[in-house]
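See the structures that follow.
Each of the two complexes below includes subunit A, the first together with subunit B, the second together with subunit C.
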Partner chain A sequence: MSVPAVADSPSVAPLETPARRPGADLWRAVARNRKAVVGALLLLFFFVLAIFPGQIAPYAPTGEEFGRGLPPSSAHWFGTTAYGQDVLSQLIWGTRQSLAIAFAVGGLATLISVLIGVSAAYFGGFTDGFLSLVTDVILVIPIFPLIIVIAAYERNSGMVTLVVVLGLLGWSYGARQLRSQALSLRNRDFLEAARVRGERGLYVVFFEILPTMTSLIVASFLGAALYAVLFAAGLQFIGLGDPNSQSWGTMLYWAENNEALGAGMAYWAIMPGVCIALLGAAFALLNYAFDEISNPALRRRKLEQKGAESLHTAPVPEVAADPTKILEVRGLSVAYASDAGPVVAVDNVDLDLGRGEFLGIVGESGCGKSTLLYAIARLLGAPLAGEITGGQILFKGRDMVTLGERELRHIRWREYSVVMQSAMNALNPVLTVEAQMRDALEAHSKMSKREMHARAEEVLRLVSIDPVHLHSYPHQLSGGMRQRAMIAMALLFTPDLIIMDEPTSALDVVAQRSLMVQIKELQERLGFAVIFVTHDMSLVSHFSDRLLVMYAAQVAEYGDTRQLFERPLHPYTQGLLEAFPSIRGEKVRLTGIPGAPPDLLRPPSGCRFAPRCPHVHERCMIGPPLYEVDGDLVRCVLYEHEREAALAQ
Partner chain B sequence: MSEHVNEPLLRTEGLTRHFKVGKLFSRQHLHAVDDVDLTIGRGEIVALVGESGSGKSTIARLLARVYKPTRGEIYFEGKPLSRLRTRRERLAYASDVPMVFQDPYSSINPAYRVVHGVRRALLLHRRAEGRKVRRGEVERVFGEVGLVPAGAMIGKFPHELSGGQRQRVGFAQALAFRPKLIIADEPVSMLDVSIRIGILNLMSELREREGVSFLYITHDVASARYIADRVLVMYAGHLVEEGPTEDVLQNPKHPYTQLLVSAVPDPRAPLGVSDAADVGEPPKVVNPEEGCRFRQRCPYRIAVCDTVTPELRELGPRRLAACHVAQADAVQAAAQAR
Partner chain C sequence: MRFIVRRLGFFLVTLWAAVTLNFLIPRLMPGNAVLAMMSRYKGHVNPQAMHALQIAFGIKAHESLLHAYFTYLGNIVRGDFGISLTFFPDTVSHQVLQALPWTLMLVGTTTILAFVLGTFIGLISAWRRGGSLDGLLPPIFVITSAFPYFWLALLAIWLFSIKLGWFPESGGYDVTTTVAWSWDFISDAIYHSILPAMTILITAIGGWILTMRNNTISVLAEDYVRMARAKGLSPWRIMWTYAGRNAILPNLVGFAMSLGFVVSGAILVEFVFNYPGVGWMFLQSVENQDYALMQALFLMITVAVLLAILVADGATAMLDPRTRDRS
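Entry: the complex of A and B
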């Protein structure tokens, strides 16, 4: 057999950027984060002071006697101490010890927390139980009193003791975080792949798990360093360090002993505190920034209105709503904000839906089909944080785009309802089915308790679930029953439109077929319209009246389901149909569609399917409009002549 | 190899795996896999079909030695796996029987370039062959799976590849072992429809070119038909039907296989009428009682189904099914033929 028909050849790969380390991305994210930049600059400032005190400080920290308790002057910016030394010089020389302690303790605590946290998660069982117990015990020890006791016992102890004690007590918080992160990795397939490959346990821990936790390890180091700065200063302040050492804490100790504040040497007492606060702030800012970077959900992005306005090109003509249609979508565009600019996930989509009609929306992952559905349901926001940037959604004649949250609440669930992909995520795990139905009924109607119970029983029967399951919790139901319960909830008010987002994708074929048949039966009996989003075209082939095929945020083909299956027009639709092996009939070699869908951040300038299309030619360089062919709409220049023929008539 | 000429590449005998579930005092046993005898020949693609929870992924992990069998034995080229003692023997088996995972987004370590897995495989298993040979091998396996130009693909990070390309990396890793059998656990179910066929074609090409056998685990009967020579149907931890793919799918003997085949959405065929009767509820395999595990859903249920667990028996040439009714029918048909 010949060399494979290279399915995902790099020439059409969406990402053409040169290979980068994720580290490079991390670095870029740090550089863009304001907190990180301020924190890093502060830290850099103290670093310079710590490394070159001799060059920067105007005087030696000790020994040189000037006048005692001098006020600030040009020779002594912050005045002198009660012992006649320059406060500024002492501050600068003291930086070294504070930084050294911060980094030594941070390093030691992080090392311990990595070892304990990751081994607890990786080995599990007894090891995990024991190590977690130790971690928790350390976590609840009141550290400050304990350190005072230790430091008092080791009176006048040096820096090393301080570092060891702080390090040994400061790792527990980081260990807990690292453990939970590693636990979430434990079932990732790449670890199993490494074990199946024959790697040893230690290799897996150090070379497979740890590299994926870089940002958390950095955060834990920064957290420990911050804690070390504060604790070391605190101990030295109460006199439990070496009183002759050069550090901010020791300065505070002597200032306090000499009642510096009252004796006109305010800077002696205040400036060490300011330095401690600034160094602490540097670590805290960096820590916070890393948290934001490793946890994108914390970051808030806003769609730049400027960029978004230029996105929707065609103005929507004002046409009166068609009373026979329950839903008309005109020129709808939705965009997401991203670090690299706006991503248009739904681009100028038109569709309409008659009463009691079943519309299937089909497309690959990332083609914008779910975004379109969320936009129609006016549910954009977390987790799909797109914004409607143009167009109209006329639901029973009202423009949903302009409706406020209060008006939406009136029609949501009563007039249209939504069934999500995963019932396990959409149902509340701690409420019974009946309680959840009651919540919905209470929020949207004024039924009595008895009426609500009767209605709940009624809708469960509709989806062939025994009403005893009103008292069941979601986890007590099978996957198929959970999806049915979701549909029952959507039927609570007998809406005119039910919007479904791949409600069967988590089910096995048998359960899937059974659910589809049931949805169809209910639809015919109750007369609601359905929008059904799926990636599996064959699933809706027997159920939908019309199909809308989406590709790269645009409508590729839109028309009657049977006609579309029998005579697919768009090369993409043709390719999709060719991609399904059949269970009956002759066995033929299939080819699928080469390549992958484009990156919506940088869609191809002409026809978006052109890079994967077998019929591509130079006219595809200009993005085609939708052409009408036998009542179907198709976005492909192959059908240009059809329009010319229609115009000629 | 000469001493096991008639021995299939891989064979299991009474392979069983139970998991303990529940609290200390209400400990129960989940029968994930019960008494499975299966064989995989050299250069053969065998599809293992079943719904989620039927135990097919557990079989994959038993064969990959992620789990140890509760009972039963796996023979690879005639040698029982329980006799693997040294790390060297275990590594040798790992390189003969690698695994490709379902989720291409979680099976590659995001912190490394995509070549990492291939390099490690070569270092662990073919260290002696020298750096130069290994480097050539990296390029060869990337080329084999269609990740070209290999030189450029090697340096990419997982997030720079599409799902289909990532899954090809998974196959490249498996190929680096010079394997005899690749266990592919639902390798296309997470991929978009338009790129699934590419991966399925890749599997049959690798069989042609490299002579590798495949255990293709899937819930998608149509894709099993597309590439597999033989199909095994699993239900609730039991193997319920086995035979040449075309035979089994066109003329299923076990009622579960019949249901499964009828439920596959096929735009080219008219919609079946009797489809909605079964709601597709999964069976209970925690502390199961004796009897056929499909009987609650079975339209042909007879008295013996409640008391005796049917065994997988031969019904015709290379056709096996574990069903009292089908077995009785076969006996009757044979008697009539005489």
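Entry: the complex of A and C
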């Protein structure tokens, strides 16, 4: 597959992004996060103080050489203590111990939590049960009082005791988190591969499991360090530390004993707390930032308006709505915000739907078919900030794009409803089936309780579910029943249009088939129109009136289902059909389509299918428009002559 | 039901672990703190006090460790924690019961208030994602949740008592009022509790806000929230029954896990304010080397935390049908 170079043509972006080290990604993410940067700078500041106290501090921390309880002055920024020591110098010298405790405890606790958490997950069974129990017990025993009990027996304990005790008691939270993450990794493919390769347990743990948990390990280190700073300071403050040590907690202890606040030495009592709070804040900010990095949903990306406008395709001409159609989509474009810029997931799509018509939308995953569907339903938004950047969606004559959320609410579910891919995820797990039907009925009608119950029973019977299941919670139903219950829910108001996103993909083949038959029967009986998205072309072949094939955010082919199956025009459609075995046809070799769909962030500049197309040639370097061939639409230069012929006529 | 039974089992195991730690710690410390202490006290305290110590540590001459352990367990089951050295000859149990209501009122109320308020603010903050509330609160509360409780307490006393004179500096009530169920006494107690309560509230609430906000953001990405939007439900209904009700479930688990932390902070707050509760008494007992009282208070605090966790478990079972069905 070589594309001849064409002068002045923009170079085709590489299809695969080069493999990057996960560490580099993490580092970049940290550097971009404002909270992480502030936290890191604070930490750096304290590090400098801890390493060079002698150079930075103006005086020795212990020398009792100045006036007692002096107010702040240029010589003593924060005044002096009741013993005639410089508060600022004590603060600077105290940094060392707080940081040392934080890092020693953080390190020790993290080490234990990794050992316990990962081995519990890795070994499973009894080991897991026992280790998890120990973890949970330590987690709920109030640690600080326990430390006080220990310190009470071991008075004026030195730093080593403090670190050991804090470390031995502070690992449980991290261990719990690491265990659950390691558990979710246990059955991943790459671990299976390592096991098949015959790699030994320890190797797998250290080189396969641990690197994937970097951000969680860092988070548990930061959490343990934060708790160590606070608890150590608390212990020293109540006089259970070494009263001669140079630390912020000890400063507070002496300040409190001398009633510094009331005696005009406020800085003596306030500043050590400020330092503890700042060091704590540094750890907390970093911890929070790592949380955000490992859970991308917490970060919020905004589609840059400037970028989005340039995506706006040619303006849609003002054409009156066709009264015979219930849905007309014109020039619809949708973009997502990403760290690397806007991603156009739906690019200038046109489609229409008559009353009671069944339209199938097919394509590989990631081609934008679900995005198109949710854009039509006006359900874009969280978790990915997808936005309609252009076009019209005329539903029964109204442009849905311009409707506000409040106006949309009136037509939702009454006039069009949605059936999602997995009912397990789409049904609220804490409400019964009836409660979830009732809230829709309450939102759009003034039915009495009895009427609502009757309607809920009625729609459940429509999909052949026993009405006793109205009182069931979603997790109590089988997979097939859940999907049917969701379809029943979509029928509550017998809408004109039901939008279905792969409603059968979670089911086995037999259940898929019977659900399809049921959907078709209901459709014929109740007369609603259907938009049905699937990646399985054979599934819709017997049920849809028309088919729309999507490839890389664009319409590749759009036409009558039967014609499209008998004479697929686009090389991509041909490839899709060859990927499925025909039941009745002759025995043919399944060829499928080599390669993978392009990255929508950088789609190929010409025809988007060109890199995978068996018929690729020079003219594919320029993106083709949709050509009309025998009433069907197809985006491929192979059919250019058809249009020329049509124009010539 | 089985869920509750299993949690009760966990409760008992944890309680047993705490009791055992209590028994073992003084014996495991270098130089055997118990024996050292006994010899130190010999001749200095009267036989009754000596007996109190023996009960506290389950120690009698020439007893094996195992036998001592069972004697100790037996005493605890009977609620016999011995006699307090600080409040001699009062029993430890009586002293603990006197301090308990103060702490329950102060720490109990503020903890529940912090949880309810924090959960609510976290939910609203996530729901109005990107709004001014959401832009402001998370960074602020990341920082306040890292504040040492006792330092904030010192600061509050300095500002509101010493500088402004709005609130009393310390204590749970004015010593000149008589302790009784009278309006004078109750209003005085409330007046004294405002500063410590605000201190605990401000430091504790940040954690709940942040976890609830993050949970809600994850839940808002769920299909069932999108489905609720598709159904055209009112935003109010979606926020409470779809987003909130699901997001609070992990927060209840989080409540159980961070309760120990809050209680630890509260102990120091009571200490700073000289508030006559369990935390203050606990630190007094440490200072006076009143080990019997100290051990009993440690157990008390543990039991209180465990009970709160059981309540959180019950709430989880009520709100989440999946928990009820899981065996």
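Remarks
Heads up, the rule we're going with is that the second predicted complex is superposed on the first by the 559 of 649 C-alpha atoms of A that agree within 3 Å, B and C clash if a C-alpha of one lies under 4 Å from a C-alpha of the other, contacts with A are read in each partner's own complex, and residues count from 1 in each chain.
Note that a residue touches a chain if its C-beta (ideal position, glycine included) is under 8 Å from a C-beta of that chain, and two chains touch if they have at least 3 such contacts.
These figures come from a predicted structure and were not determined experimentally.
Within the superposed three-chain model, A:83 lies out of touch with both subunit B and subunit C [touch as defined at top]. Applying the stated contact rule after C-alpha superposition, one finds that A:52 touches neither subunit B nor subunit C. Contacts of A:226 after superposition: subunit C is touched, whereas subunit B is not reached. By the document's definition of touching, of the two partners only subunit C reaches A:262; subunit B does not.
When both complexes are overlaid on chain A, the residue A:206 reaches neither subunit B nor subunit C.
In the superposition on chain A, contact of A:476 is made with subunit C only, not with subunit B.
Shared contact residues of subunit A with subunit B and subunit C: none. Listing the residues of subunit B that touch subunit A in their complex gives 51-52, 64-66, 90-91, 94-95, 98-99, 101-103, 106-113, 117, 120-121, 124-125, 145-149, 152-153, 155-157, 159-165, 168, 173, 192-202, 204-205, 208-209, 219-223, 225-226, 246, 249-250, 259-261, 263-269, 271, 275-282. Taken together, the subunit C residues at the contact with subunit A in this complex read 10, 13-14, 17-18, 21-22, 25-26, 29-30, 33, 129-130, 138-139, 142-143, 145-152, 154-155, 157-158, 162, 210, 214, 217-218, 220-235, 237, 241-242, 245-246, 249, 256-257, 259-261, 263-265, 267-268, 271-272, 282-283, 286-287, 289, 291, 294-295, 297-298, 301-302, 305-306, 309, 319-322, 325.
Listed in rising order, the residues of subunit A touching subunit B in the complex are 1, 3-10, 13-15, 17, 19-22, 188-190, 192-199, 208, 211-212, 214, 364-365, 464, 478-481, 507-514, 517-518, 521, 535-539, 541-542, 565, 575-577, 579-585, 587, 589-594, 596-597. Every residue of subunit A that touches subunit C in the complex is listed here, in rising order: 35, 133, 136-137, 139-146, 148-154, 173, 226-227, 230-231, 233-234, 237-240, 252, 256, 261-262, 266, 269-270, 272-273, 276-277, 280-281, 283-285, 288, 291, 295, 297-298, 300, 374, 377, 379, 381-383, 405, 408-414, 417-418, 420-422, 425-431, 439-440, 443-444, 473, 475-476, 489.
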